[in-house]
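These are the structures in question, set out in turn.
Each of the next two complexes has chain A plus one other chain: chain B in the first, chain C in the second.
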Partner chain A sequence: MTHTDPPKLELVALRKEYDGGEVVAVENLSLSVQPGETLAILGPSGCGKSTTLNMIVGIETPTSGDILIDGVSVLDQPAGRRSVGLVFQDYAVFTHMTVAQNLAFGLKVRGVAKPEIARAVGETAHMLGLTGQLGLRASRLGGSELQRVAIGRTLVTKPALLLLDEPLSNLETEMRAAMRRELRRLQQEIGLTIIYVTHDQIEALSLAQQIAVMSHGKLRQCAPTDVVYEQPAHTFVAGFIGAPPMNILHGAFETRAGASTFVAGSVRIDAPGGLGPGPSHRRGLMGVRPDAITLATPAEGAATATVRRIEPLGAEAVLTLDMNGQHLAATAPARNCPSEGDHVALMFDHDRVAFFDADSLRNLKELSA
Partner chain B sequence: MNTRPLTPLLALILLVALVVTLFPIFWIVMTALKPPTDWNAAPAIWIPSEPTLINFLTLFDPEAIGAFGVGGISESATAAVFGSILTSTCATLISVGIGFFAAIGLSRYTRVNRFTPLFILSGRMFPPAAIAVPFVIIFSAIQLIDTYVGLIAIYVAITLPFATWMLKSFVDEVPREVEEAAMIDGQSRLMAHLTVTAPLIKGGLFATTLFIFILNWSEFLFALVLSYSNIETIPIRLAKYVTATAGTLFGVQAALAVLAMAPLIVAGFLIQKHLARGMTFGAVKR
Partner chain C sequence: MPQEIAISDLKGTRLGVPAADRTSAPSPTGAQRAARKRARFARGLAAPGMVISVFVLVVPLLVALAMSFTTWSPTRGSLLDAGFEGLFNYEELLVYDTRFVEAVARTLTLSVICLSLELAIGLGLAVIFLREFKGKSVLFSTLLTPMMVMPVVVGYTFWMLFQSNGPINQISMILFGTAPEWFRSAFFAWIVVIVTEVWHWTPLFFLIMLSGLNSLPENPIRAAVILGASPRQVFWRVVLPMLKPVIIVALVIRAMEIVKLFDEVFILTRGGPSTSTETISLYIYKLAFQDFQLAYGAAAAFLVLIGTLLMVHFLLAPVRDQLLGEPR
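Presenting the complex of A and B:
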């Protein structure tokens, strides 16, 4: 039951169809999670995140493809034999049982001896702050407590691979931060391999080493968190991660004497080499994070924009800029911020821009790689 | 539960409803306690001046009523009570048991055919009298006529659609994830349904069981045409107290009706808590 080493998980060309192929929930999904690593799967509702978890845990069968745990296919093993735990978003707590019975359920099914069950239940309850509620019926619990019972019920069985489907979505801010810390501690102490489905980017960025972004059943990118943030593989990822999202400028690449420059209005930025052979002038997109834009007083030759709207957010403010009809978001310190209607010069952090193909919307770095 | 004061109009409607419901019961109980002279006295005797248990005694000792100069029956009602308990209990348990799994099938695997639930109910869409005679012929041929097995089989057949439909509405309310959580913890699908789904719809199971039991307990038509001499149920017996040969033994008939009703009323009270939740069709707390 207990694994000393966390396992490696590989998904190979996973595909899941419903209604005889009319709906494709997951399409050609391949990724791997290294032992002890935490992967966050991000994506809008209906992108196939939960279906993927359900297939890994074994309550759904893939239409094609394979799931390997430590290199061994687990498709022929039923749920419950894979040493994979899943915490459901809507708790799935057994409301007809007490908290203690809920926590003991998985161990009981596995035939663990009674004293051992009592010890494990006590330990888990203590960790999740549920000791006082052990004798209560689960139907009497509130949202936060239910979610902790759901997490506890899974953790108590010590799965080698832990899947979490938006596990903190129903918690209050304070409890959520505490649970996040708790999960991070578990990550480090028990060394679980974790897959974490969420639509909360902060959660993903703070807990995960790798982020997978999905949309319409397809994997858009799976990379370390900083890569996903700075060099999104697709404009979908650029727009999905970050609040406000990455700015996308429409322009063109001009190549002269082997050097490429991205031009959009008065913006001219050197594009790194290796954009590949192509016509000397072709349409393209540039992505830049709001925090990679610095505002300055207008000067000759600089790209300028008009401040349309200011949203103060405490220490920082988010500015909506109008640059020749293209709208951009930028952040500025709230105490030293231009006013609405001001003309400002924009300075882009050249190391933090990403370029995308105008047709495929994919990152040119990835395309040329 | 929040309550509001009863308005006069509501109180009146409630009163009418109570009178309509309770008056027949009152009348039956009173009649059951009347001596033969009071049974059809005119003007009617509402409350017997000399309450007696002679009617109840007569049920199980047909000679007892002889003391009042009334006769005409020779058989005890014991066989009918036994027959009713046997057929109703067996048929109800089988019907609810099969219905539970049918409901899970319909609720969890509807992609089989979206008309399946309708097909299941279609068996109840024509008057029972239309199939009574064919069943007599069929049951004669397969020698199930006048047997408890035959009667139980037909009771299961006619109550199963109701059991399935009622239970489906309860199972629909149980989140699928709860069963899946049990399976992830290592239970088989069947065990997950038994240890998680069933207890979660306990109120629904109680309500359905009582409802189906009442249907079986009070069924008359099939019991009448499918029984000759070997088997008997309470409704059949009830009819035998007012016949050309037996005369009009209203008091005895009422006594048996009271006996037949009593267990149902007691059961209703005992599981009232579950009924209130169960009858609201799907009150499982999510």
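Presenting the complex of A and C:
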């Protein structure tokens, strides 16, 4: 992949309104996906993620904005001519056909020659482990097989982009892990560009290289998974991703002689320079992941907190801490973990904290960039 | 609610025997005794209706069946004195009575033609009604009206329309300078019967197809579009196969009705000219009530009943699993 390659998919200021502008489902959405990349669009239900998929595939028309595939606008192309495949949440397999007929459908309607269809169907069935089921009626299949048929039916047409709408949410838990592995294998084997809509952050974190987090029709952040996890662009992202979510501490930045410090109660943490010009004392928020907090025995004037609740989760436990009225979650090894009511000292991993503006709730790193 | 209690009691009984009796509890508790009492009461309520239906439905059916094995006629004394002739009537009908065989063939041909037209037009209209257009609801009600008219009235109306000096011929004279004598030729009489039937019953197909189309799942259709199918391919390869159970049920209902087709043909053509439009029901009517060959007519009716049962069985075969719920 060279840098001159256009992105596989580019959304430019995409907007979708319903009821003559009364409802805005998607607002000013811009993002790009590189070839071979997997992007997860993550967000709570009703955030506009399915609408976005429908617009990319062409079954809904955007109110404004543009969709480019391989650098070419596809807005004037109808669904089915865009080389985009969509796998529905309920699979939408043609139950009146056999598995083979389902797989062949996309090629048949394009008028591909029979031997070519047979070859492609055989190949896809082999890749998805459906060879034994080719002659079965699709109505006889179970959840994960239906899912495979739905994916295979789309892959047969060799789409430039594969869109998956909540692909794992209809499967039982054990099947989910297997299917997740399967998807990762497919993605590596055929170098497919995948866009993946989900409300399940584990799914997003485990499968995607990039995560786009949406809420209320707006894109909050689109970045590699580790960036989204460690440096959320917005407090919404910080609160949405991770279980338990990122802790947000309310405090203030104090600037003395060019060096900024974040102060919240007894917590004092060096904030990176370049917070920009501003008053020497201004309100701010600090985000810290529960696993970036280390507990110690209280000593030499460090920040302390009281353990309010302990939630054991096997290898580790989630502790709810009370620090001068602000509640924090922290993880600790389940063995020799403090007990409820204990006073503990808190050590923050200075490389893993994020600072947010108190008014716009956006990450200060992004604001200064 | 007391009604609900009564209904649940009836569900618990089979052939009028309360559930408690079948389990034969050693010492009935108060609740069981109360349940039995309620079941007995429910049976008491149903009894008059059951007695009446036995006399109105079952007894005549059995009498007719018995009669079909005789050569009895009301002009020949009591049925009880009639001798048992075995399958004489049935053999006569199937082997020698060409008029019966022709009537059966004619009725089948008529049903194939009428059902094809009704299905095509009804489905076409239903597809049009999937879109929004002005005056849709008014047109919807208008389209359904024919179905609500009595067959006799429909027959009489079309009989008048197709008279030699009727409105259709007057328009035909203006347009083409010629008009057929509709009821004098077998070909034109068939057209009248078909037009009447199709006009009368297409609305039923339209209604069933429209509700069927509206209840189809949307995503398979979308998936087909995304996979590159043209609207025509989507219709023939996805929508129609998914609609198949609905279509077959509609066909079965209508096919059973056409076997019973009587009133309209009776008023329009009386089966004529000659016997060219004589349907099976019309022929049986003539046998039984014009020629008073009641026993022979009963045999014919039983043959038709068996034929209808077989027809429905084979028509439903391809969708039986879907209709009954497929075992996984």
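Simple rule for what comes next: the second predicted complex is superposed on the first by the 359 of 369 C-alpha atoms of A that agree within 3 Å, B and C clash if a C-alpha of one lies under 4 Å from a C-alpha of the other, contacts with A are read in each partner's own complex, and residues count from 1 in each chain.
The working rule: contacts are C-beta pairs under 8 Å (C-beta built on N, C-alpha and C of every residue); 3 or more make two chains touch, one makes a residue touch a chain.
Please read these numbers as outputs of a predicted model, since none were measured by experiment.
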Original post:
When the two structures are laid over each other on chain A, do chain B and chain C clash or fit?
Top reply: clash
Original post:
Is A:R184 contacted by the first partner chain B, the second partner chain C, both or neither?
Top reply: neither
Subject >> First, second, both or neither for A:G106, with chain B first and chain C second >> reply: both
Original post:
For A:I59, is the partner it touches chain B (first), chain C (second), both, or none of the two (neither)?
Top reply: both
**OP:** Kindly classify A:R309 by the partners it touches after superposition: chain B alone (first), chain C alone (second), both, or neither?
**Re:** neither
**OP:** Using the touch definition from the top, say if A:A79 reaches chain B (first), chain C (second), both or neither.
**Re:** both
Subject >> chain B versus chain C as contact partner of A:K114, first or second or both or neither >> reply: neither
Original post:
For A:T157, is the partner it touches chain B (first), chain C (second), both, or none of the two (neither)?
Top reply: both
Original post:
Is A:D19 touching the first partner chain B, the second partner chain C, both, or neither of them?
Top reply: first
Original post:
Once the complexes are superposed, what residues of chain A are shared between the chain B interface and the chain C interface?
Top reply: 57-59, 79-81, 84-86, 88, 90, 92-96, 105-106, 109-110, 139, 153-154, 157
Subject >> chain A - residues contacting chain B, complex >> reply: 19, 54, 57-59, 78-81, 84-86, 88, 90-96, 105-106, 109-110, 139, 153-154, 157
Subject >> Complex contact set, residues of chain B against chain A >> reply: 111, 175, 177-178, 180-188, 196, 199-200, 202, 284-286
Subject >> Footprint of chain A on chain C - complex, ascending >> reply: 217, 219-220, 222-230, 233, 237-238, 241-242, 244, 326, 328
Original post:
Where on chain A is chain C touching in the complex?
Top reply: 57-59, 79-81, 84-86, 88, 90, 92-97, 105-106, 109-110, 139-140, 142, 150, 153-154, 157
